[in-house]
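Once you scroll down, you'll see the structures, which are given as structure tokens.
Shared between the two complexes below is subunit A, which has subunit B as its partner in the first and subunit C in the second.
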Partner chain A sequence: MGKNRFGSRFLIGLCFLFLYLPILLLIFFSFNAGDSSAVWKGFSLHWYRELFHNRLVIESLATTLLVSLLATAIATAAGTFAAIGIYSLRKKWRDPVLVVNDLPMMNADIVTGVSLLLLFVAFFRGWGAIAAWLNSWQSLITFPTRLTLGLGTLLIAHVSFDIPYVILNVAPRLRQMDANLVEAAQDLGCTWIQAFFKVILPEIKPGIVSGALIAFTMSVDDFVISYFTAGSATQTLSMTIYGMTKKRVTPVVNAVSTLIFLAVLIILIINNIREARQAKLASKRASFEPVRENPRAERFRAWLSTPRGKLMRRAAAAVLCVVFVSTTVFLTAFTTSRPVVNVCSWGEYIDEDLIDEFEAKTGIRVNYQTTDSNETLYSLLSNGGADYDVVVPSDYMISQLIEEGMLEELDYSQIPNFEKIDSRFKNLPYDPENKYTVPYTWGTVGIIYNETMVDGEIDSWSALYDGEYAGQVLLINNSRDALGIALMYLGYSVNTTDEGQIREAYELIEDAARRGMFQGKVMDEVFQTMEGGNAAIATYYAGDYLSMLENNENLRFVVPKEGSNWFVDAMCVLKDAPNYDNAMKWINFIASTESNLRNMDYIWYASPNKEALEIYPAWYEEQYGEELDPEIYEIMAAPQEVLDRCEMYVCLPKATRKLYNDLWIKLGI
Partner chain B sequence: MRNKRAWFAFPYVIWMALFVVIPILIMLFYSLTAEVETADRTAFAGSLENFTGMTLYMSVFGRSFWLALIATVICLLIGYPVAYLMSREGPGFQRVAMALIMLPMWMNFLLRTYSWMAILENNGLLNQLFQKLGVIALYNRLTGSDIDHFQMIRTSGAVVLGMVYNYLPFMILPIYTVLTKLDHRLTEAAEDLGANAVTVFRRVTLPLSVSGIISGITMVFVPSVSTFAISRLLGGGTQMMLGDLIENQFLGGAYNPHLGAAISMVMMVIVVICMLVMNHFGDGEGEAVML
Partner chain C sequence: MSKELIRLKDVTMTFDDVTVLKDINIYFNDQEFLTLLGPSGCGKTTMLRIIGGFQTPTSGDVFFDGVRINDVPPYRRQVNTVFQKYALFPHLNVYENVAFGLRIPREVTGDNGKTEKVKLSREEIDSRVREMLEVVSLKGFENRSIASLSGGQQQRVAIARALVNRPKVLLLDEPLGALDMRLRKDMQQELKRIQQQMGITFINVTHDQEEALAMSDTVVVMNEGVIQQIGTPEDIYNEPKNAFVADFIGESNIVDGIMRADRVVEIFNRRFACLDGGFAKDEPVDVVIRPEDVDIVSETEGQLRGTVTSVTFKGVHYDTIVDFYGFKWLIQTTDYCPAGSRIGIRIDPDGFHVMKKSKYSGLYGDYSSYSEEYDEINDPTLLDVEEEGAGDEE
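Let's turn to the complex of A and B:
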């Protein structure tokens, strides 16, 4: 038997090793001095300190806990209530209700998420008229006429998927319970309510507790449903992490997870010890050995059942409730009462200290959110999924937004720093009269390659398509850029609407894919793949290349001889922005020379602010006591002769966009 | 007495109608319409183009169901023995093991998956290990090839691994629950009647744990078939799955909620049919789901 037991434990141990290997790795890298989760650079507690300054992580953690706790509380109460009701239904009615109850669990998360998204969008579309009508005949409450996805919709979604778990855990307990017990209690003079608290509740308590526990775990762990129902003005920890996994997960998240992990581990250990002790006690009782309980604990228990003890118990419960509710109210009030500006930008696209500074200076709270591509931003805006004031799309998306009337004109009298923007970046084709935009950054697209993995220098897009580096190339996962590059290689304009040319470009990529040229399709995942030396060639943005260079000095960047794309990302304000004036203040603040210098230093994208761009090398020297490598400066701020080779994207007509999409999906399948 | 409290169910029935049934009806509506541009605004018009155009994505359907099926089978092959062995351990061991299986769920699943990227990368831990152990040199000698790493990430194998890793606990938990509730007198009786260990397992234990197996399969298969985060992180964009396709229609570049809704509907119907067939075999009692 002993040997047998060893074999069985060995197998179980292997399974746990499999489950815990990545987790141990995660914890290990939370103590990394460097910011990579693949390269170890020494022990440090840096990321734990950093954690308290990282607002994005802290706020999303708070949102996650708030939503999960509230959803669990509501779902547990509602689910228990409903379970009793369902249990009392006639069988004819009970069965269909139970089938529908199972539906959210049987359904894929993505279907639940998507269908709720559609419901909310449909409701929001209709709400405007309802609110206007309500406001017209009464003036007691003014209803907002525009609703967006956010905390409310997130909470509804979580409650919806939590309730079935509670019911599923409570229902079997109810079925096991002897129905006569309630009747007996009532016969003995209990009201139904009393019977509920004295008889039913103690009987079904284990079911309620495990239901609540599962609901809470599901809420905390959920990503897909939150992703579709939270818009992106509200982010749960999962959503924040998803945004990061594309670029580079800052080890701050590892630190948070390690702390959560430890907290849960401690709770589980305590719980285990308690259960083990109870089991021991029970077995002692069973064997009629004298049981010696802690006398103090016994006295405490006795005190609890005295009238005063009961009163105290209730008081404690009431205090807890009040604390809970007031924290919630306080938190919501705190986040809504201050003047605010909602900004949506790209991941790691700002020196975050600037946000704190702006808040300290103006008292306006910055609700800073990120999305991962122009297309995602567009989808969010079309869904009514977001309530942003300021967005930072790229050139071609700006002209599309202008065309569809989604942008508001700016009040340049409130943005004196617009003066400082280099005239090269004003009145560009996407905004010819410069009524809507203040440029944020600019740069070029080029080839990033690992010197140690290729022979000689690369200077042509052909490296992506010819056989030499098969399996070593990363294709950019974005139809516009991928097809655009192929068009440039073929010598066509990136803005061509000629279907034949676009199809030719598609065939070039498709043919290369068939020959196994591409290791994968990446967007921001390119960072860790290239930094870790896992692929030889990729195409990406100059600024991001410089970030990668900090972690892998073998990487090189080139704007190929066939030419490339150059882009401008600019700040715009959405139509009907609720905080228009605050948005102007934010834009003006970001457009200043000081902000531009710090942003440039942090994200390595070139600034459109003329002064900042010119003095950056001197500023760098002053800051770091060493000279800025002129080559780096040239890559960041491409000189005019390079720009002359490059072409800017313009907004393509709808039919061409559809062609791009169709071809792109065809490539993926 | 029974029906007196039946109205307790009423608010929940309304809630379900609002947030479960109506959303699915709206999705159905979306899937049967398409956006058309009229003179002043875009409007919806009835259309079947979302369904007829879906033949383009047959390979995505095929891949999703195939990979999810493989992942489910692997989960079952690992999960059942582990659950079985666990249920035969002492109560102290069982408690700790249960806690250890639940615990990873508190670590964000995206982070756990991300962690696998570092392991599976071409320059990752596993490849480095293989290099140190000389596995790669040996492979080169044996096959006469010349590689310096095994391509593990950005393959369908990596996606399956991600699914197995993330959803294995969902297989173990329900099977374990059913096995611990198993009446030991039954197996003892079988042994007394002369059955050997294999027969006892085959004729008594296994048939009695079918409900656990079925809920385990459901809980692994459904999220696997619809995942998009796993295929994106570990598949590196090369393994497009249904989840990716749907997400892309709602929050991604392709933006076409109508097509997305249609794909979701088809996926939902196929999954439900699969589950109904499964439940038919296990004369469906969905009660074993988790604890």
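Let's turn to the complex of A and C:
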């Protein structure tokens, strides 16, 4: 028996360890002085400081709080009345309705998110015509014809998924409530509405409060539904955290997660204590057993019903209302008042101080969002839900977007800094007349390897496919790059449309995969893996290699002898961008020499600004008081002879894109 | 005492094709203690709710002091209710529960015909609440929370809360159902006392016949949505109108009989002298013989002879079940006759009560299936009545 008990306790302990160890670790490392999530370098609040200086985090926290508070308030009111309505139905109807109410909670968030997105997009399409008609019909109010996803849709989505939780919490209180209470109140002279405020409301208040608390935590927590319904201009805290982890889990993420965990924990503890107390009271009440009240509570209760106590109660309620309203007003002002420009770029692809500077200089708020690949960006745009102004796709994607009429021509008269762009990066095949783009960065793809894990120097793509480093290679998780590299290795053009050649390239990869060459398919996860020495070889971008080098000096980069891809990422403006002029200002600001220097220094990608590229080594020396390693400079800004070996992607015909896509899905590592 | 206050005229109530009340015609007098008595589902609570204004009859009219009040909402009726489980407001203390109705501004039609909202002054509310708490013997409980009261105390609060509004009629929906046996007896006295002290009409609903007989001036026996009999407790007990009433009120042996002549009734092919008359010659009738009206004598002396099948000691008397020609009677007697013994019985003429045949004939009065256990299972007070929806009867 004793042994048994030990066994079960041990198992329970193990379960809890399994549940809480990750969170404890996260909390622990949020206080790490170093920037690793694996090596303890001493206690520090550094990451919390960093957190509160991170504008993205603070802004999205404001958005999250605003949306959660408003959604909670609306959902609580709506849910309470809905619950009362459901409760007054006959049992025949009541139970099915409650089941229907449970469904959205069980439903996968992603389904809810996608369906809300579809609904909004469909509505927006219809709305355009309705608004135009309304505007033509009367001139009193001008209705906006173009609606986009944003704070409004986010709020609607949150309200809609919060309501079931409120109902779920209020309904049991109604069921427990003596059905005669309302009648008793009416019997004593109350109209229904008086009875609601004097009797129902106080009776179900505990349910309403826990419903509101749970709705609030659900709102704060939500990622998936927000992701689909927030649009491009709005970002909640969880979306920001998601964006941060794409590149590298910095301890800032640990810090913010710790704070969220603690906040939710506190809310839950409060709620549980309340519920336990209520349950005790309710069970005593049901058994008609007199409850011994503690004399202090009794005295307090008596005091509450004195005129003075009543006054204090009303005052407290008024203060709460004022706090709620002013918080909402403040958060609203904080999130929406200024003119904006919506930018979507890649993760860790800008010196964030530049955003602050731009905002300070122009008064325009920058909604800066990130996504992780050209293909993801494309699907976001073609969905119709996004309302970015500025996007920064790569060359081949730009030509695809132009082809599909998704880009707006730029007004170069508003972008004087375009002059400074090196002519090498103007009029490139993806935008031959240069009507749509201002280059942002350029660079090469190459092999990144850990010299302590390989023999000698690597200079050929063969390292990816030969048996030597089986299980040590990271395959780039995007069809264009992965197949492009294989094509290059086989001596074909990266832009070939010959199906035979592409299939040959695919088989090369598939064969290597079958032999267990690849540890996995990665995009930005490559940072963690390579920096941590967990893989020997990867293929990635030169600029990112330099970022990794800062954290692991054993890494090396090479543009293999067979040649490689060189790319340009350029700023474009989307068709019908809501903030076109602000977008011009932003592009001009980023194209300046100063911005380019700072970006180059921060993200290690080469600048297309001729002046900035030339003076960077000198600028670096001035900034840091030491010479820039010419080898590093050469990796960042590949010399012409390297570029000559490289080929730029062009937009492939549709059939070839489909082939790429099919093969990539088939590979399925 | 005999001024008519409430009248129900041709009242019928149906829920989803189920008729709960059928063509009810009844009036209630001022200052009367009246009890609606019947088994679960007989429509008594529905009748109470119609008077209270919580339900509108499907057809028929309700008059209060001669005025039709079908469409008057509960909060405008001069009627207050004590609910089954009291329905006290748990978030308010005793004082506030009682003061609840007084704090609601009332619409009062003045002499000039104008209606205005009148709010009672704090002093008036206070004096009325304290006065009422005194009436129900709850002085000093003002600040207690409802949860800290016993069932009987809660009951008193519920009564005070209703009476403080000075209604003309107090409706009580199974007011003693949630109390234990002893408390119930005490509260019966207490209710009667309060009713006399306040001098208003009490309409009480119960399925407990003892309670009905003990408290009421008038008892209304109901079954299946129809009033079976109205009368004083004595009338109801001594002169039940049909087998249902006879069975429901007290214990009864009900047997088929034939009226051979005035004051001569035949049962089991034997003629007995009785006090009833006015039936046709040879008319088939139901004959009620109360268990306590039967004397046990020796087999040879008996008018009827039978075999004792079971005996239960009840304190004052024995419940003795006797088999007469396959029909089992309950006899309450202080004489002990062991099971299996052969006995004879005698019944005096006033021990017979003859009733006309009704739809209830043949359903009741045979104690073949009688047992302690059976009795208990059928005790409605022990059933946890699941109330369902606002509209459904019990």
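As a working rule, the second predicted complex is superposed on the first by the 562 of 669 C-alpha atoms of A that agree within 3 Å, B and C clash if a C-alpha of one lies under 4 Å from a C-alpha of the other, contacts with A are read in each partner's own complex, and residues count from 1 in each chain.
Throughout what follows, contacts are C-beta pairs under 8 Å (C-beta built on N, C-alpha and C of every residue); 3 or more make two chains touch, one makes a residue touch a chain.
Every value quoted in this text rests on a predicted model; they were computed, and no experiment measured them.
Undergrad: Is A:N477 touching the first partner subunit B, the second partner subunit C, both, or neither of them?
TA: After superposing on A, A:N477 lies in contact with subunit B but is clear of subunit C.
Undergrad: Which partner does A:S88 contact after superposing on A: first (subunit B), second (subunit C), both, neither?
TA: A:S88 sits against subunit B and subunit C alike.
Undergrad: Considering only touches as defined above, state whether A:C190 meets subunit B (first), subunit C (second), both or neither.
TA: After superposing on A, A:C190 lies in contact with subunit C but is clear of subunit B.
Undergrad: Scan A:V199 for contacts with subunit B and subunit C and give back first, second, both or neither.
TA: The second partner, subunit C, only.
Undergrad: For A:I615, using the defined touch cut-off, is the partner it touches subunit B, subunit C, both, or neither? Pick first, second, both or neither.
TA: In the superposition, A:I615 contacts neither subunit B nor subunit C.
Undergrad: Does subunit C touch more residues of subunit A than subunit B does, or is it the other way round?
TA: B
Undergrad: Check whether A:I163 is in contact with subunit B, with subunit C, with both or with neither, and answer first, second, both or neither.
TA: A:I163: touches subunit B, not subunit C.
Undergrad: With both complexes overlaid on chain A, does A:L259 touch subunit B (first), subunit C (second), both or neither?
TA: neither
Undergrad: Looking at the overlay, does A:F16 come into contact with subunit B only (first), subunit C only (second), both, or neither?
TA: It touches subunit B, and subunit C stays clear.
Undergrad: Would you tell me the residues on subunit A in contact with subunit B in one complex that are also in contact with subunit C in the other?
TA: 88, 90, 179, 183
Undergrad: Where on subunit C is subunit A touching in the complex?
TA: So the residues of subunit C in touch with subunit A come to 52-54, 73-75, 79-81, 83-85, 87-91, 93, 95-96, 100-101, 104, 106, 143, 145-151, 154, 161-162, 165, 178, 387-391.
Undergrad: Can you name the residues of subunit B that touch subunit A in the complex?
TA: Those residues of subunit B that touch subunit A are 1-13, 15-16, 19-24, 26-27, 30, 56-57, 59-60, 78, 81-82, 85-86, 88-89, 91-93, 95-97, 99-119, 121-125, 151, 153-154, 165, 168-169, 218, 222-223, 225-226, 228-229, 233, 235-238, 240, 243-248, 250-255, 257, 260-261, 264, 267-268, 271-272, 275, 286-287, 289-291.
Undergrad: For subunit A, which residues count as touching subunit C in their complex?
TA: Touching subunit C: residues 88, 90-91, 178-181, 183-191, 194, 198-199, 202-203, 281, 284-285, 288, 290-293, 298, 301-302, 305 of subunit A.
Undergrad: Name, in rising order, each residue of subunit A that touches subunit B in their complex.
TA: Touching subunit B from subunit A are residues 5, 8-9, 11-12, 15-16, 18-23, 25-26, 29, 37-38, 78-79, 81-82, 84-86, 88-90, 93, 97, 100-112, 114-119, 122, 156-157, 160, 163, 165, 168-169, 172, 179, 182-183, 192, 210, 214, 217, 220-221, 223-224, 227-228, 237-238, 241-242, 245, 249, 253-254, 257, 260-261, 264-265, 268, 271-272, 275-276, 279, 373, 375-376, 378-380, 382-383, 385, 471, 475, 477-479, 518-522, 525, 528-529, 532-535, 661, 664-666, 668-669.
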